[in-house]
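Which chain is which? They are A, B, C and D, in the order written, and residues in each are numbered from 1.
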Amino acid sequence: MFFASDNSSPAHPKVIEAITQANAGYAMPYGNDPIMESARAKVRETFEAPEAAVYLVATGTAANALSLACLCPPWGAVYCHRNAHVEEDECGAPEFYTGGAKLVLIDGKDAKMSPEALERTIGFTARAGVHNVQKGMLTLTNATEAGTVYTPAEVAALSGIAKKAGIPTHMDGARFANAIAATGASPAEMTWKAGIDVLSFGGTKNGLMGVEAVVLFNPELAWEFELRRKRGGHLFSKHRYLSAQMDAYLTDGLWLEMAQAANSAAARLSEGILKVPGAKLVHPTEANAVFAAWPRGGHRKAQEAGAAYYLWPFSQPMEGPADELLSARLVCSWSTTDADVDRFLDLISG
Amino acid sequence: MFFASDNSSPAHPKVIEAITQANAGYAMPYGNDPIMESARAKVRETFEAPEAAVYLVATGTAANALSLACLCPPWGAVYCHRNAHVEEDECGAPEFYTGGAKLVLIDGKDAKMSPEALERTIGFTARAGVHNVQKGMLTLTNATEAGTVYTPAEVAALSGIAKKAGIPTHMDGARFANAIAATGASPAEMTWKAGIDVLSFGGTKNGLMGVEAVVLFNPELAWEFELRRKRGGHLFSKHRYLSAQMDAYLTDGLWLEMAQAANSAAARLSEGILKVPGAKLVHPTEANAVFAAWPRGGHRKAQEAGAAYYLWPFSQPMEGPADELLSARLVCSWSTTDADVDRFLDLISG
Amino acid sequence: MFFASDNSSPAHPKVIEAITQANAGYAMPYGNDPIMESARAKVRETFEAPEAAVYLVATGTAANALSLACLCPPWGAVYCHRNAHVEEDECGAPEFYTGGAKLVLIDGKDAKMSPEALERTIGFTARAGVHNVQKGMLTLTNATEAGTVYTPAEVAALSGIAKKAGIPTHMDGARFANAIAATGASPAEMTWKAGIDVLSFGGTKNGLMGVEAVVLFNPELAWEFELRRKRGGHLFSKHRYLSAQMDAYLTDGLWLEMAQAANSAAARLSEGILKVPGAKLVHPTEANAVFAAWPRGGHRKAQEAGAAYYLWPFSQPMEGPADELLSARLVCSWSTTDADVDRFLDLISG
Amino acid sequence: MFFASDNSSPAHPKVIEAITQANAGYAMPYGNDPIMESARAKVRETFEAPEAAVYLVATGTAANALSLACLCPPWGAVYCHRNAHVEEDECGAPEFYTGGAKLVLIDGKDAKMSPEALERTIGFTARAGVHNVQKGMLTLTNATEAGTVYTPAEVAALSGIAKKAGIPTHMDGARFANAIAATGASPAEMTWKAGIDVLSFGGTKNGLMGVEAVVLFNPELAWEFELRRKRGGHLFSKHRYLSAQMDAYLTDGLWLEMAQAANSAAARLSEGILKVPGAKLVHPTEANAVFAAWPRGGHRKAQEAGAAYYLWPFSQPMEGPADELLSARLVCSWSTTDADVDRFLDLISG
């Protein structure tokens, strides 16, 4: 019953196996290993993007911060949702890597940006010319921090506003696989066909040990990305172990299979919670995370039984009336079992 | 016959095994996993430093750049050898992480800093007060980029000059194990007992997949390090895979065993090369790298047979008289076999 | 009828005279001129702060950005009002000088921070530990961007919240003299006695050519400030011309005399506008700026007659019904005359 | 007898007069004043560069650092002479403004870069691809820190090497007027016709209060320069006082007249020193600075009589044999009089 985060799950056995196989003998360093060639080809094929530049890093923060630094000058505004990971959970990595760009916060329900809010805010930017930060870039998160999902049409609407303003769009896809599994869209439809210029294509939260690909659909920025990656300390000498993970991820649909499993577990969990008297959803359950509220009594039983998850927001007190609602975040992963879900539901329903 | 770099070697099977074991079940992220507790304890024990703060990152550049950023203000001088990795091979990562500190280059034979040169250069610094960069810090590399080794006494002499100037000392120990294997000094003698404040304790070049520990002997900087690591994108969510590598590294002396094997292979190689008519060493062979020159004819045979290594400097032409000396760098690792060494020696002697 | 900004006014003749006198003969550079000694003594006396470190720079953005950089680490949050100059009008200079700190926006009426909003936002900061930016510092603007003024008690209330959170407080006093003239508080009461650690003490908008003093009430940061100033290119070699301006400013109360004149002019303007049928204030007039709305017809007449000022916000259309209200910002300075004010009032009343 | 630095001289009376005149009435801020239009036109005319973008800042460090930041990416090498002001006297401002570029030091006699050394060093850069900093830009100082001067042909030779490597060239012309006065070259011949892309055109050391123009011969970088200037806190609101200085500087040849006077004074001083028994030049006297050595006895007499200048290097002891040579730097300016020079020569000859 571990729902604290998808980053607490193990790697898929096929990933460990791929690493073990990659370990045989000598290999050229820094991404010049043959497995990287294979992984790159699979990324390009997956995204129907034969020209895309593809790079691997080991953390989502690195993938995002390097992408932003390539797309936005130091005096630019990075438009992001108020609850975006880049704003809330990276300790200022975007500011560090961009050389001090300003994250400009956009509102919107369920962690999804409102097109009106985006358009209005972009309209305000740089209205005093040289005195203000300038229009820089847009970054969207899909699936979002609230477990919701943008459709390709929604992505296109937002990236279209950016394009009209002359700025590029990045997608933080730490949970990209979950968004694809949720919508049934193709990776291409969700990205470059919808106006995405650069994607952080996550693997760590979805069954890898620690690999994210950065996909630059416009390869003009490739060399700058390579320099920034090296300069940030994110170029691995023994790169083959990153390559092997990404290669396994994209072999026989493993990435989607794991995301589907995670999404299914979340759906099962979500449906089950709604049967608890008084329970309700805080955000719609569209990907692999459930944001829901149910009576404190159920929380107590679950936590006493060792269930791991976060009250959301953190600050809600465990002491208090048993029938008062407390809200929580529950994250499923490829390794979440029906048994775990059902046991959890039993506990909170009791 | 792969002597291009120690970073082209595979990880030791025990490391892969440790990762496989670490993969079981759920684990708390970001270094809060129990294996990290074990690894931390082993680092502290190895260095006889029970108070030391210990952090893991995945690349040597990250370990160095984060260490420098904690020790040197943006307006400080980082005294380093002209051939140091931080100067030559990190694409400016030290400048990026420190916010623009200046690397001030110190000369010295065989990539070892001359105490006189260091003292003289420190003496020049900030002689015009606010107009110059200020005395910042010292960083030493051990084993060096030329395959030589500082003794603890030599380290203490240099760090003593730094201390007199009121500045701290960092050691880039990407090949720290090789220096320990070479000198027989204890890790404590080579570091904090010799005046080192922060150590980049390398594992990647010595049989791990990709882990370096940063050891802060003075734990006052610990929180700043944590923030800089996160902000740099170097805090791993699935941290257990780093923990497991470091834990295996320090179990049953694996780290030293691997370094000894690498050093022995280099010694065998070095001795063999000296038997080649006309051959000579460019630098003394003290750790796991051999810098030597032998006739072009031998190079041709080796390269035709598929031996991998770099001419050093790169720019020497393969065409030319067969008896002319060309110099090269040959790096051994834990996985270098006597058979490989002997076959190589046969080729270049032929 | 020039109400576009106080930075469009000339310097006071006494300032020009001081510069002319300072020009005689040779003088030591970089602030080692005797006039700086005099100016420093006058600043200390004015603020009853005999230990304060006092430095001059030539722009308000430099004064603010350097102050922030001394008070806030790169991973810190700078709490400021949503409409603060540091947020809206410095093209990211705070981010640049701090190395990427995050400006966290606080709401509050009339450009004055609400203590509740500040406390709540500080409470949210760093709730996820190393993953978030950390509590950094507070910065207040007095007089504010909306022409309002904090009393010493209001400043103390806000700085007290900061102190409770363990962080320092800066005051952007580009219009500090106007705030003093408005409240009758002493400079000490408005600053260090109310919890201010560092003050940007403005002169440029109040009759100087271009000088701001940075007053560090705690001189421990003095040397860091000097290094940052030099490194930012803000240390003047021919410093005497800055010294002379600040010295003249604080001679015989010139600084307050000019601020009083500006505030009086704004009061006269404000009162006059309120007599225009339909007119109303957008913010209370407390210092030297008037934010008011009156019918479009009056705007047209004023602008046709050459009155210079900004519609606020900029985007309001001049075409439209004559009786519709348009809002504007009108800024007075030491050189604003009653005649100008009255002529303007005549025009908009017509 | 003030030879400590040209930045200790007063401003020319015509400059003070221009400022006084500029003070009349209201003026648009931030460079939108009519005097700036005039000054810009005069710069363009002086340099025969009708398309050049021209901006004013108040310090040489700002002019240089902003120029470098526009020309060099954070991962670039800035090739400069070992004794360049950007390397030795700006407390790391170039590193700060560029976001951490690396100053790569080139040797050469009399503070003039050796073309061979430049070519060799550029050849080394980035030989390990992504692992090294990349070729960034060249910066030359004219007149140099050693009082010597590059001819247009020498500038063209060096900028030609840069061009061949695909990188731009900046000139630090803090003493540009002295170089023009020394060579008789036209400003155009010394700059864009000789391959200079951006010039820091100094005024402060040559009779202004504090103004340097940055001349971008290729105006494509203009907007980026404006943003960097603002973000650095170097955009003046009351810009007219900078405009007025530059306008006066370029009126009726004042700038060249002052430089000629300074150079003549240095020549007189240099010739006189050579008549002192035992005296010799350390560098040729080509512009407004004299680097010479003469017996300690003469230094003692001069200093007792109140002559201000620096021993060069600083560290030479005033105690010791009277006939031992000590070397010194003596800088002349527009305001140096023959009487001062002759009195000084009398003292050291005694």
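Convention: a contact is a pair of C-beta atoms (placed from the backbone, for glycine too) under 8 Å apart; a residue touches a chain by one contact, two chains touch by 3 or more.
Computed from a predicted structure; not experimentally measured.
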For the pairs A-C and A-B, output the one whose chains share more C-beta pairs in contact. A-B
Let me spell it out: compute each chain's centre from its C-alpha atoms, then which one is farthest from chain C's centre? B
CA centre of chain A versus CA centre of chain B: separation in Å? 34
Geometric centre distance via CA averages, chain C-chain A, whole Å: 42
Spell out, as numbers or ranges, the residues of chain D touching 2 or more other chains. 74-75, 90-92, 96, 99, 130-131, 134, 227, 230-231, 235
In their shared complex, chain C is touched by residues of chain A numbered 74-75, 88-92, 95-96, 98-103, 127-128, 130-134, 314-315
In their shared complex, chain A is touched by residues of chain B numbered 2, 4-5, 7-11, 13, 16, 19-20, 23-29, 57-63, 65-66, 90-93, 96-97, 204-205, 209-210, 227, 230-238, 241, 308, 335
Note: in the complex, chain B contacts chain C through residues 30, 73-75, 99, 130-131, 134, 226-228, 230-231, 235
